[in-house]
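Each in structure tokens, the structures are laid out below.
One chain, chain A, appears in both complexes that follow, with chain B as partner in the first and chain C in the second.
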Partner chain A sequence: MRGVLAGLLGLAVLVALFGSHLAPHDPAAQDLALGVAGPSAAHWLGTDDLGRDVLSRLLAGAGSALLWPVLVAVGTTTLSTSLGLLAGYRLGWIDAIMMRTVDLAIAMPGMLVLIVLVGVLGGGYGWSVLAMAVLFTPGDIRVIRSLTLAQRELAYAEAARTLGLPPRRVMFRHLLPNLAPTVVSNALLSFVAALVSLAGLSFLGIGLPAGTPDWGLMVEENRDLLDLNPWASVAPVVLITLVATSATLLGDRLFDTLSKGGAR
Partner chain B sequence: MTLLDVTGLTVTGRHLVVDGVDLTVSAGETVGLVGESGSGKSLTARAVAGLLPKGMTATGSVTLSGLRLLGARERVLRSVRGSRIALLMQDPFAMLNPLITAGAHIAESLPRTGPVRRDRAWRRTEVARRLAEVGIDDPSVSGRYPFQLSGGMRQRIALAAALARDPELLIADEPTTALDATTQHEILTLLREVQRARGMGVLLITHDLRVAFEMCDRVAVMYAGRIVESGPGFDVAKVPAHPYTSGLLAALPSATVTLPRLEGIPGSVPSAGDVTGTCAFADRCSQVDADCGHARPPLREITPGRHTACLYEVRPRPRVEQPPAALREPSPGAPLLTIDDLSKRYGEHTALGGVSLSVGEGESVGVVGESGSGKTTLARCVLGLAVPDGGRIELAGLDLTRRGRRGDRAHRLVQCVFQDPSTSLNPSLTVGATLAEAAAQGTREGRLSVPELLDLVGLPASYAERRPRALSGGERQRVAIARALAVRPALLICDEPVASLDVSVQAHVLELLRTVVRDLGTSLLFITHDLAVVRQITNRTVVLLKGKIVEEGKTPQILDTPSHPYTQKLLASVPPTP
Partner chain C sequence: MKTPTIRAAVVALLLLPVAACAGSPQKGGSGPERDTLVWASSAAPNSLDIAHGFNNASTTIQLAVLDTMVTLDAKGTPAPALATSWTQPTPDSYEFTLRKAVTFTDGSPLTADDAAYSLSRHLDPAVASQAASYFTTVKKVEAVGTDRVRVTLTRPNTAFLSVAAIAWQVVPRKLAEAHPGDLGSPEVGTIGTGPFKVAKFSLTSGTVLERNESYWGPKPALRRVEIKAISDAETLRMAVRSGEVDATDGLNARDARKWTGLSGVTTSFYPGNNIAYLALAVGNGPLKDVHVRRAIAHAVDREALTTLMTGGHGTIARTVLPMPQMTALYGDNMPKFPDYSFDLAAAKAELAKSAYPDGFTMAVPYASGSDGATVMQAVAADLAKIGIRLTMEPSPGDKYMATLMDHRGLGVQYVNLSYGTPEPVEVLPDMISRAAAEPQGFNFSGYGSAELDARLDALAGATGQERQDQVTALLTEIGEQVPYVPLFHMDNGIALRDGFTATGLSVWNPNFFAVIRPAGK
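Showing the complex of A and B:
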């Protein structure tokens, strides 16, 4: 099972990296004469209303659909792990300030703030990615902090402190490896959340300019064509769901293996 | 009349864990099933009650007064469990539902039908009667929740609930292991009284030989999934008929004499599946010969009611006749550690209320007390893991009272061996990495290398590559000792280092601590609840009660002629060493 999941995700990564080279047609090339067409030998998934090849657009769009969420996941994980460790290990005023900030951040209606932000700051995924990383971080900080609190009371952590090791070393060499299962599965969850949210933003028309090949945007642009060429909007939905589900399941499995192997 | 009859019970999970156990319990009899961790004693009990964990299967036969239990339908088992067989488990906190009052726990277990109408008033008087049976006369207890009760009280409630349907057989699995010595004594006495008054059969599962011998009419010793010896408790204690029992008995520390050498059994317990065709104990036995490896020795009867799975007569161990040893006396000099009027509060709770003590150069001082006496808080304050509210700690001329997190010289002066071997080592680091890191925190001159450190605690150098999961509890504690000694501290604090180890391993670790500390000239502050351990390892003893010192003096004096009533009570509750 894990092999299948990892294989699917690996395939997704390959497509994301080299998708535009694999595309059988130019994703932007219009063939107005053809118009909306169902699947054929030349166009496996048919074409959209401007006669653009759906398959090529899916392949070319994989890059932006997948790489931005990876950025969000990396950003969120780095930020939340270091801040959570710091709060949970140092406690005191550092912890107090950080946790109140986190409380505030969690109380904000995230998606709304995001929409407003992107609306004001204008196009591109850049801002949404940054905003999303900031929005996802507080919840993860809490999780990491509470795990750190539990770990720091264990005898091995106290022994490390008793040995006079500097806090940075205790946090990153002793505590962090024992949080790995959670950190890794959290990172995958952030990826999934970002993937779905970014697609949602595209669907709402926030983010990328119209016409860019992108999975979320394709769902929106082609939803009127459901009766003529359903693949044009169903295929990107299927892809998003497939990637998101594999990532979530893989996260689960990794958590299990890492926790068991936590004591390899 | 035989109540419970177990024949050829075999339990298999991923491996073989219980291998052909025969056991009987008669009405009115207490049978002890003794063994170290991993011997299969708890799984035997669970198999009897039909409560094996998922993935494990039992074969053989288990009958209760003729009723087949093994292989019976769940419906049959349900009608037996609770009403004819009751279970009492180790952890009184996990056993009771935190959202249900003590009284409700008992009321819930009461029989639902009977000659009298079961109305609310009947239940109330019945609950009060049951509470009185387990020694709780205060009726308000029934309205309290488990977290409002002490460990001993919770275990009493659990016992009352277990007895509520008047079972014929009570299976008690380590019922007192999580309790303090004095509470353990009370619960065991209670259990015996109840058993006698009801004429109930009791199967007592314990790792503590002393408890088994004190409590049980008959004792069966389990090793690697099989019974190696059984017989009347008194006889087994006096003249063990199996080398394993004899080894366990020799490993028991004594509260009355200081033994010159603590002898554990060499090696470790094999898995039941690896020794099916031989004597399970052969690899560790001092009188092994060729026949031991040929076939599994049957459980043969030596005298009526007395069985052993050893082919030979057991040679008695030369024991106790040695003169009681005196521990090395420290040279009088300036004290190394001076604690003066130390106090620490946690909210409303006073953990330490003005404790003063000192540890001399090369001296070994024991701190004895029950849970909540403040002994661990004392250690944490000296280690800098907790900041005291008042008082003063001075170690080798250095004021440690408020050292906070600053990395000063203190960590080279004092180190600690913690209690729980399952968490004392970082699971993600190899033993070698752990030790190398610790050694690097010491001074450059006289620094010990990883192989030297492993050698110091009697482990082969190849262990450096291993991760903690591949080590046994005793081995982990050895590594923890090596880690603590790596910086060559002047003072070593041991916080119950052997409390969760099996006796044979405990003896090894204690003996190791004794010699290593002597060879390196390290002073010792030894925290424990076990008076027998304190006898073996300390020169002086301090008795803590509720954050205050109630008695202190030379260890032999305190244990031989205790003057404070609390110390006397502690001593009285130590089960006698056979």
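Showing the complex of A and C:
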């Protein structure tokens, strides 16, 4: 099962990297005379209302649909792991300030903040990705901190401190590997959340410019074509769901596998 | 702040009169005869008073409940309504004779004082009427005797009767005076002399109209009309398909294919009094150059765009006037105006004459999820072929509109406006007056001059051939200077479930509920 999931995600990555080259047509090429049309030999998934090839846009859009969530996941994981370790290990005023800040951040309606930031204040798509990385971080900080609290009391951590190792080395060389199962699964969950949220933003028409090949934007742009060429909006939904589900299940499997490896 | 101007145009936009449905396909209903119609609009009405609810959903109800002093016939010519006749003693005054023995639905008689006050209230700052911009040339309104009303204008205005046909809705003076700011609200409601009376008006749960049995004119065939708002186009279509809704005017020509296939539903499309165009900000960088503007006009494939956006229910626009206005003005003798056929070679040749022979890049804001997003994608693709690169900048609809109306960052804008009268003077000042080039105005090109303003003023008082010649000259100049690229006219549509028919609807008088009737009646 894990192999299948990894294979699916690997395929998605390959498409994200080389999708534009695999596309049978120019994903931006319009054919207004053709307009929206169902699947045919020339257009396997039909065309949208501007006569653009749906399959080509799906392939070319994979990069945009997957790259940004990966960046969010990397940003979220890096931030939350560092800050969670710091709070859980150092405790004291650092922990107190950080946890109250986390409490405040968790209480904020993330999607609404994003909509205001990107839609109303006019930030670009890059800002929404950065904001999403920051907004996803508090929950993960709390998880990492609680795990760090448990790990720091274990004998191996106590031994490291007794040897006089500096805190940074204890945190990142000794505690972090033991948090790896959670960190990895959290990263994948952040990826999934970002994938769905960014698709949601695109669906709301906030973020990427019209015409950009992107799965979320395709759902929004083509939702009125359900009667005429359902593939134009259903296909990106299926792909988003497939990638999100695969990443979630793979995260579960990786957590189990890495956890069985035991603590060092 | 020129809110009234905006409202006037937006309302007119939303008035979207239903054009001649005479001859529209009708299907005989097989079920029991019904005299209650369930109607859905795509937006909720906010007021039964045009002073506070000058929008499509509201005016649809107002026209059923409130009579106007004059109306427009099928050709757009002013015709009697509550006024049986009128004279024009001087070029800047009118005298109307009131229909006799007309009563409001509360039983009180209609008086000349009611009629006069119903117009003069739009000039009262306390009323803050959304229709005030329609009556800026009204100087004085007075009842003369018991059955006449005299209107004195500040200057001759040939459009006065046409705008009066929309906005001079007659209400009891006593009621209107007592409620300058909230007449027509759910709490106050309204009283009229029209074919229907209001049985219920709620902003949230809909409106119910009942037939006015003491109506002075032909009694409507419908006994009761239940009105609801369904904002999502697809939900509206499903509601009509399922029979939850009997009729709607909320269908878009672009979606015609979805509607025409519905079983048990008859859809009719008819010319709308609208114009879709690209506004080119003549003060913005490369767009200052007329050769660039002409290059853009040549590069846009308007025929393909028209098919895309109207689903075959529209026509290519040759001027900035809506087609029904052109027809009302010129009839069959349409002059030939400067036109720019889709010709990339000609576009490149024009661009070569400009200071930007290799093209340029320009940011183009647009409203996300709107028709404008689709149009601008197609336009961007066309312009890219001659080296003009448009960078699409998405924005939420409300924010985009606010920015647009503030005239910030104007470049190439897609605009689609509808109007309510056959008068070119309703449209042209929006396009080329300097006043409309200020924030909150509709002149998004910024094209205008003192000389043009003077010509617009002269046009307001012109009649007959002189008026036609002046409009022709203005349209020719717009065609030559290309501050706008006319794109298309979109038909309006109405969908009726089997069991109902509609005949006699007019583009100039969209009184739906008076002309929709149970099939066979």
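Note that in this section the second predicted complex is superposed on the first by the 258 of 264 C-alpha atoms of A that agree within 3 Å, B and C clash if a C-alpha of one lies under 4 Å from a C-alpha of the other, contacts with A are read in each partner's own complex, and residues count from 1 in each chain.
We adopt the following convention: a residue touches a chain if its C-beta (ideal position, glycine included) is under 8 Å from a C-beta of that chain, and two chains touch if they have at least 3 such contacts.
All of these numbers come straight from a predicted model, not from anything done at the bench.
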item	value
Chain C versus chain B on the shared chain A, clash or fit after superposition	fit
Partner chain(s) touched by A:Gly7 [first = chain B, second = chain C, both, neither]	neither
Which superposed partner A:Pro24 touches (first chain B, second chain C, both, neither)	neither
Chain B versus chain C as contact partner of A:Asp227, first or second or both or neither	second
Touched partner set for A:Ala160, first chain B, second chain C, both or neither	first
First, second, both or neither for A:Pro109, with chain B first and chain C second	neither
Partner chain(s) touched by A:Asp49 [first = chain B, second = chain C, both, neither]	second
Touching partner for A:Pro177 - first (chain B), second (chain C), both, neither	first
Which superposed partner A:Gly38 touches (first chain B, second chain C, both, neither)	neither
Partner chain(s) touched by A:Ile206 [first = chain B, second = chain C, both, neither]	second
Shortest CA-CA distance in Å separating chain B from chain C in the superposed model	50
Contact footprint of chain A on chain B as seen in their complex	383-385, 405, 407-408, 410-412, 414-416, 418-420, 423-429, 437-438, 441, 467-469, 480, 483-484, 487
Touching residues on chain A, where the partner in the complex is chain C	28, 30, 32-33, 35, 49-50, 119-120, 122, 204-211, 220-221, 224, 226-228
Touch list for chain C against partner chain A, complex	233-234, 255, 257-258, 261, 301, 304-305, 307-308, 366, 368-369, 373-374, 376-378, 380-381, 391-396, 399
Interfacial residue positions of chain A with respect to chain B in the complex	154-167, 173-174, 177-178, 180, 262-264
